[in-house]
């Protein structure tokens, strides 16, 4: 499987995203997706489906906290799963557009 | 991204929207600027004047004109801790709109209240 | 007084960037400190080094560059608006595999937060749109 | 609190000036720039409102470079004062905030 991405590893065509593509994108980040990763990815994809925007880090933390419990709604937890910059990395793996304001 | 500045007292900054949602992309750009601004821990508020009240209308489906829905993203504002959301009373009434037609709970303001709101700001970003 | 300006209009299509420039130039000559000009929306076209207006028309990009050099002004171009409209520096050109870069010297590409930062750190902010 | 409004659209085609005037109060200043200067014409659809607000203490200005550019120097409402670029800067400095109407 060879899905085209830009140099930073974001999908060029978001419609090509599938769970298998996510595995590939994660591998490029040296991340092996476990259930813990997947539940965060689901939260993010649901957020994007509803609001059409990739959330900033602190919003992601809040959303994860609301959906998966306060234990997981912590930046340190997300940092362990998706280092080094969870908002960017989860967006990438979840097949969302690159966050607009990451610069 | 540069360090988020921390000031002792947050500055009151008002985002003023005046454009309808899709004819000008300034409407979208104003929303993006507002979301980015929320990271800076200032005292933010947003006002929809004139044509901009159309941004708040429910049931927008701009897929066929190749745009992203503003109505879909606007409800995210409270999550970004932006809760001072205002709309111009006369702009709504002349367009036959009521607050039930809107995707967000807004506070409706008359002319005097708008003048007071603008006058009390430390800065206004006009879109 | 510390001032900042936001420019939302492209040169040669609306008067916004001309008005902004005249305001900026007047403010600087009066001794005010213009700390930042933030180019957003169509305003990012002000930063294009590839625009060649006829010699008897306003050389917008050069004028901003000269003013910024003389009075030490931040010329900041919003990255998101710039990428959408094809204004890129070397770094972005590399990142997206583009053939060339076209960001004028003296301009810098940065995040949208810099607009809010300008509003916070200046005593007055004026917007020029169309 | 003092407030400066700038307006850059002609009232002959847009309601931008009208919307601005609707929320103007004593101590506010209105600066007409770009096509907004057509609002200062004696034939302006907003003339009556400008004269009324002016009597209430709203101050009106038109950017002289834009007025001259359009050849309308001789036909302006008496309540509208011509402003140089320096005057524009001073208006921004003197007023607490500026709302720009496009």
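Chains: A, B, C and D, in written order; residue numbering restarts at 1 for each.
Assume a contact is a pair of C-beta atoms (placed from the backbone, for glycine too) under 8 Å apart; a residue touches a chain by one contact, two chains touch by 3 or more.
The model shown is predicted, which means the values in this text are computed figures rather than measured ones.
Asks: Could you name the chain whose Cα mean is nearest to the mean of all protein Cα atoms here?
Replies: B
Asks: With chain centres taken as the means of their Cα atoms, state the distance from subunit B to subunit C in Å.
Replies: About 24 Å separates the centre of subunit B from that of subunit C.
Asks: From the C-alpha centre of subunit A to that of subunit B, how far is it in Å?
Replies: Using C-alpha averages as centres, the distance is 28 Å.
Asks: Return the residues of subunit D touching two or more other chains; collapse runs of consecutive numbers into ranges.
Replies: If we look for residues of subunit D contacting two or more partner chains, we find 97-98, 100, 102.
Asks: On subunit B, where are the residues touching two or more other chains?
Replies: Residue numbers touching two or more other chains: 1, 26, 32, 36, 39, 122-124, 126.
Asks: Any chance you could list the residues of subunit C touching two or more other chains?
Replies: 8, 80, 110-113, 124-125, 127, 129 - these are the residues of subunit C that touch more than one other chain.
Asks: Once you've mapped the touching chain pairs, tell me: line, ring, star, complete or other?
Replies: It is other, because the touches fit no line, ring, star or complete pattern.
Asks: Pull out all the chain pairs that touch, please.
Replies: Here the touching pairs of chains are A-B, A-C, B-C, B-D, C-D.
Asks: In the complex formed with subunit A, which residues of subunit B make contact?
Replies: The contact residues of subunit B facing subunit A are 1, 32, 35-36, 38-39, 68-69, 72-73, 75-76, 79-80.
Asks: Where on subunit B does subunit C make contact in their complex?
Replies: For this pair, the touching residues of subunit B are 1-2, 4-5, 7, 11, 13, 25-26, 29, 32-33, 36-37, 39-40, 42, 122-127.
Asks: Report the residues of subunit A in contact with subunit B in the complex, numbered from low to high.
Replies: Checking each residue of subunit A against subunit B gives 50-53, 55-56, 58-59, 62-63, 100-103.
Asks: Please give the residue numbers of subunit C that touch subunit A in the complex, ascending.
Replies: For this pair, the touching residues of subunit C are 79-80, 94-97, 109-113.
Asks: In the complex, go through subunit D and note every residue touching subunit C.
Replies: Touching subunit C: residues 6, 8, 33-35, 63, 65-66, 84-86, 88-89, 92-93, 97-98, 100, 102 of subunit D.
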